[in-house]
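This report concerns only the one structure given below.
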Amino acid sequence: MDNRKKWASPGSPIFTGTRKVENLKISLISYDKQDFSFSEIESVEDLPGRIVESRVNWINITGLHDTERIEAVGKLFGIHPLVIEDVLNINHSPKCESYNDYIFVITKMIDLNRDRSMNIEQVSFVLARNYVISFQEDEGDVFNVIRERLKNNDSRVRNSGADYLLYRLLDAIVDNYYMVVESIEDKIGAYDNMFLPGHRRGSLRPVYQVRKELMKLRRAVFPLKETIHVLEKERGNFVSHNTYLFLRDLSDHLRYIIDSVESHRDMITVMIEMSMSAESRKLNEIIKVLTVISTIFIPLTFIVGVYGMNFNPGTSKWNLPELNWVYGYPAVWLIMLAVAGGLIIYFKKKKWF
Amino acid sequence: MDNRKKWASPGSPIFTGTRKVENLKISLISYDKQDFSFSEIESVEDLPGRIVESRVNWINITGLHDTERIEAVGKLFGIHPLVIEDVLNINHSPKCESYNDYIFVITKMIDLNRDRSMNIEQVSFVLARNYVISFQEDEGDVFNVIRERLKNNDSRVRNSGADYLLYRLLDAIVDNYYMVVESIEDKIGAYDNMFLPGHRRGSLRPVYQVRKELMKLRRAVFPLKETIHVLEKERGNFVSHNTYLFLRDLSDHLRYIIDSVESHRDMITVMIEMSMSAESRKLNEIIKVLTVISTIFIPLTFIVGVYGMNFNPGTSKWNLPELNWVYGYPAVWLIMLAVAGGLIIYFKKKKWF
Amino acid sequence: MDNRKKWASPGSPIFTGTRKVENLKISLISYDKQDFSFSEIESVEDLPGRIVESRVNWINITGLHDTERIEAVGKLFGIHPLVIEDVLNINHSPKCESYNDYIFVITKMIDLNRDRSMNIEQVSFVLARNYVISFQEDEGDVFNVIRERLKNNDSRVRNSGADYLLYRLLDAIVDNYYMVVESIEDKIGAYDNMFLPGHRRGSLRPVYQVRKELMKLRRAVFPLKETIHVLEKERGNFVSHNTYLFLRDLSDHLRYIIDSVESHRDMITVMIEMSMSAESRKLNEIIKVLTVISTIFIPLTFIVGVYGMNFNPGTSKWNLPELNWVYGYPAVWLIMLAVAGGLIIYFKKKKWF
Amino acid sequence: MDNRKKWASPGSPIFTGTRKVENLKISLISYDKQDFSFSEIESVEDLPGRIVESRVNWINITGLHDTERIEAVGKLFGIHPLVIEDVLNINHSPKCESYNDYIFVITKMIDLNRDRSMNIEQVSFVLARNYVISFQEDEGDVFNVIRERLKNNDSRVRNSGADYLLYRLLDAIVDNYYMVVESIEDKIGAYDNMFLPGHRRGSLRPVYQVRKELMKLRRAVFPLKETIHVLEKERGNFVSHNTYLFLRDLSDHLRYIIDSVESHRDMITVMIEMSMSAESRKLNEIIKVLTVISTIFIPLTFIVGVYGMNFNPGTSKWNLPELNWVYGYPAVWLIMLAVAGGLIIYFKKKKWF
Amino acid sequence: MDNRKKWASPGSPIFTGTRKVENLKISLISYDKQDFSFSEIESVEDLPGRIVESRVNWINITGLHDTERIEAVGKLFGIHPLVIEDVLNINHSPKCESYNDYIFVITKMIDLNRDRSMNIEQVSFVLARNYVISFQEDEGDVFNVIRERLKNNDSRVRNSGADYLLYRLLDAIVDNYYMVVESIEDKIGAYDNMFLPGHRRGSLRPVYQVRKELMKLRRAVFPLKETIHVLEKERGNFVSHNTYLFLRDLSDHLRYIIDSVESHRDMITVMIEMSMSAESRKLNEIIKVLTVISTIFIPLTFIVGVYGMNFNPGTSKWNLPELNWVYGYPAVWLIMLAVAGGLIIYFKKKKWF
């Protein structure tokens, strides 16, 4: 939180993200069963005049950094300053709050970057009787499908109200989560193969990376479940019975994603434990080799060292008489073979081979 | 999720699994106390004409890949498009949803393959007043028992309604879980023996494999408990009091399975910890042997090395005079025995033997 | 689950345990304030005639393997087939189910074998207005105390109804749990002493054995708490206010046992961690000794090796001139003492001693 | 549980602790705003005559081992046999039970012994309209403060009822917990210092000791929270509104203690992990030294060993011709310095120094 | 807890912190839409006379060590002695308690010291109809922003009641938490970089330090969430609908902070595990080097040792005849190269390189 935010009084419109697009852009799609119109709005003040009361209006605003104009939009539609503050503060958790005339929903849109890392964008919605306003800094192409379908006047969305439009926008966001979950699934699958026997094991770093991504995903998805639940409770109020059935279905999708996140988290824990157990087995293996070779050859080296001593047999009959024995050298070999053999039998009995 | 699914609008009938059977097959069993008839239905359109209103009708459909005809069945019976979407999306968690005219239930059937790995198949049911529709891609032989019993006109199922038939189908699925749990029990038992003293320990890989299977099983069974619970609440509505008693019993069975899953999971944790603790003890053992042998013989090798030096005693009386001593060689042996003995006493005191 | 069970229809009477006694035996104790009678019943059909309506009747049946006669008993007393199925399926978790005319309770009796391992037996009860039926395969001597007390016509049990008799039977089972908990306590105490300094540590195997026993005990005791709770709710119905007070007390006993199980489990976790930390400290200790001895003597052995080389000083003045120096040998000793001393000071500074 | 307890029927008065005081002692403090009297009661039968109906009476009984007289007290005051059984069974968890005429409360008093180990004593209370009976085996001096304050007729306790007296007794017990928590805090602080760099680390044994004490403390304090909560619910019945406010405050104190226990437990986990991580780092350090010294000197020792061989250069020109070279000896040194230097560079690059 | 506290009766005013400021200071800000006045109050007795009934009055008191005057303030405003006790006992967890005429709130203010360690100060509030009293030992500068804004008669706070003032004070405290969370985030980020390949890893000590700070922060923030929740429930009573909306927003902020704390805790766990896994990999690496070098050169050193023995070939043809062979020396080299080559191939096959 920068200092502007900190010293501001509550309800002050301050953008806490980083600017990603050039300018604030407002697009308006206005439709009913028969008609469909799309327009780019230049000036915020023009907006109210363009709204068609009898139709469903979708006002899509990108460029949250332009806080003044966002605030102006808020005032035009009678939106509480705290809502505008939350729209601009991109560090919010997903939530759904109902006010007298509208419902406010915060969600997190997740895209995959080219390197398959996650890119999280906050998208907020205001749903009123005949319009939906969507706010975000950078749009992405998630909503393009819906725009296409809106042009088709046979589609269900053209025959339904603003609540169904909001559902479709939420559904588009949740559908993207599937893609993210699948990308994580792929990564986990790739690392899981590393544990097959005969594969060389790499660092656990990428596994922990996936775990961090799951933590981020979880943080976006978990509160969204609750958010949809709050929205479902608006049945009969802002949400029609038909849309309610679709929201219930969306809840199911979210539950599936949450289950996947949980299950992948468990999977990663298992993988890390497996890897640590494999490391530990390998260490034992290595040290066993070291011990076997060392404990066999170190005593032998001592024995040959003894007969390498230069005590003068000429001085005293006590000095290394073995050196002059007829079978001295073969005897030493016999002793050494006995020592080595004994140790090998000992290790065999201990099942070190 | 393939892209077709992603770009589809909600309620679109898209099969997310892999085709396992040649063609969609529809079989109809129609029975009451007196009569029983079995027929294979060729064309979906024939279906309504074959249903006997006064009897219980079980329509069993295999071959979800034929989405068009599944959709046609849905339309014929007035089933909501979202239900058909869920029937075809085999990645759903078990759930029970009630609509005005029918109840929709998703379950997971688990079979063991020949290599005792698990094969999970999604089976969905639609229960209405006088029929049950069951949907799956590949049937297996789980429902054969029920078909046999249906032919016997003394059996309880012939004397009960469609709700009892659904219970029997669910019961057949849950009975299969017992087999899976037992197979896992056997595997755990086999690995548990590995920890008896004197056995050679193998890799933990298969233990982790069992743990992954438990995770999968858990994911299928846990939500089913809740599903049955939702079904029980339909008592007096879609579910008769008698069937309710049987569903309560089924809940008990599921609780037993869940308890087993949990307890086996704990068991595996204990086994992994035991194995890691055993590995660590064994490492200590190995390193102790290495240390004892090395610390005894390395100093001795140094000592014999000293008297292997070639300093010329002829040049100076300071150069290795010991080599010419009368008792030089036995003295060195005494020193070496003292060093070795001292170290052995030290290790004994440290309780390393 | 054997195959008979698997292919049977729900409510079929199939015994899932192993036969432990020769024959099914039925004993009947019938009492009120004044009178007491005990009789062994030969044939199931005689049973109804022997029941005294105005008294409390305790029908104790052992020998669940005789499924036909158990089923016959069920039919005589109008017990639901699902209840009889549960009586015979000894893999059930403890539970309490109320039917119109009776309450059905499943519990687990735990005995200690001679080697102090646990022996778990399923005991089921059916409580009606004026009788209690208890079912088990092998009786043990847990209920003997109650039989004795029933003979004494001043005892509280003689002055109370069938509900109090059931309470006493449950109380006898729970009292046995105390014994099991104490046996586990003793085992834990024994292993805890192993961690006192100066004791030789053994394998963790028996500690894990205790942990497995705790898991089993937990599985028997946890659901019993819930079972008693369901029974308490029958206050005013099958259970009198006086017996309710005693059941509440029994709940307290179970809570104590559950607390003990939990606390022992935590204790074992602490013990295992302590042991692993001690192992790890000991490993450090061993390796420190190896390192100190090796790093001191390996360089020294190299030095003496240098002067063991046989380069011919006669050929060239460059070849090992040290060998002919007057103070060559003492100089080598000085160098070696310096190297050893330096390393010892280094290890001291690192606080390895 | 000794066998007497096991074979006894429920409600039998059996003391399960160990006798700590000589005799049962009964003291009676009887007070109202104006008057205060203290007396030691010799015989249980005298007790009812000494109670002043219009005052608050505090009957303090020590010496639970004298079960007969405890039972007699129970009968005199019309206390249920199960309550007397619980008073005498010192293994009970804290609880609060309400009967028609009185409330029964079990708590655990914790004292610190001289060696700062914990001493847990069970204290039970019976609260009726105008008296409080407190039962324990050995008194300690926890209640002395309250006795002193009772003599002061301005104190709040003299102006309040029996419920406030019970609160003050409970408060005295809870105040002692603070002392225990502080003692544990001191111990944790002492061990935490051990982790500062430069300190020699000791065994983790005492840390685990503290963890066991926390487990014991937790077992006494956790159920007490619930106990006070049950007592609070008696507001308007046995507990006046004023005392209720004080009980709410007591709940806060308990919450603080529970929070402390939890937070200290987390702290200890962190400390143990830190210690294990430090051990593991140190092991790496030690082994690194061993490896560096060994891998440098073992090849060098081999090289000098080569030129220590006694192949006879006189026999063949192939036998160790190097020994007669002019620069043979310096060349060997150069080779050895190259080998050592290469290895040192390798270790530097691996950042082992 | 010092002994004064322990022996005191409940409701006694005892300060449990350490004195940080010289004297108790009381400042009064009194405002409504039109007017604003600020004054320092010298004597507690003057306070009631200075309160303007028709305005909102903020009485800020610093210097809790002066318990007598704090108690005097309590009496002047009719505050319950237990509240004053809690104000002075700085070890309280955050809580909100409602009394008839006022609400009592305890919070924890967290500042960062220069070395970025946390400094926790207890701040208590009493909210009545037209005044807020804030109590703390040392003020810090957290409330300065609010003082500034109060001077501006257009600000929302000048147009709202005492409840909104309390909200603003709580908001200022919570805003400071963001700063603390960010500081922790920075620290975690700094340590995370340490795990990039090529970085030298340091001790885990600072990571554990951050973990301890998170534990402290958690202990301050978690109960505050509940506290705000209790405050929200006062809607319609002490809290206006408008302020309620702001409190709901504050709850959201707290939820974000709690989520952050949880997520950072998970992060640290991941980091510690990563570090331990990296240590373990490194240990394997080091030991592999040791094993490879040792197992290759120890056998070779033995071989050259054999031919360093001084057995006298003159005595017997059995004594080291190899020494006189023509190709003896090259043969030994061949043998040694074969041994070394064989071991290298073995290690390659085991994938140790």
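The chains carry the letters A, B, C, D and E, assigned in the order they are written, with residues numbered from 1 in each.
We adopt the following convention: a contact is a pair of C-beta atoms (placed from the backbone, for glycine too) under 8 Å apart; a residue touches a chain by one contact, two chains touch by 3 or more.
Since the structure is predicted, the reported quantities are computational estimates derived from the model, not experimental observations.
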Item to check | Third chains touching both chain E and chain D | outcome: none
Checklist outcome for this item: Rounded to a multiple of 5 degrees, the Cα superposition angle from chain A to chain C is 145
Next on the checklist: Based only on mean CA positions, could you tell me how far chain B sits from chain E in angstrom?
Outcome noted: 40
Checklist outcome for this item: The distance between the C-alpha centres of chain C and chain D, rounded to whole Å, is 25
Checklist entry - Of all residues in chain C, which are in touch with two or more distinct other chains? => result 280, 283, 287, 290, 294, 298, 301, 305, 308-310, 320
Next on the checklist: What's the contact topology between the chains, one of line, ring, star, complete, other?
Outcome noted: ring
Checklist entry - Starting at chain A, then chain B, how do the chains run round the ring? => result A, B, C, D, E
Checklist entry - For chain E, which residues are in contact with chain D within the complex? => result 1, 6-7, 9-11, 80, 82, 85-86, 91-93, 95, 97, 200, 203-205, 208, 211-212, 215, 219, 272, 275-276, 279-280, 282-283, 285-287, 289-290, 293-294, 297-298, 300-301, 304-305, 307-310, 313, 320, 322-330, 332
Item to check | In the complex, chain D residues that touch chain E | outcome: 145, 149, 155-157, 167-168, 171, 175, 178-179, 182, 195, 197, 245-246, 248-249, 252, 255-256, 259, 263, 266-267, 270, 273-274, 277-278, 280-281, 283-284, 287-288, 290-291, 294-295, 298-299, 301-302, 305-306, 308-312, 315-316, 318-320, 350-352
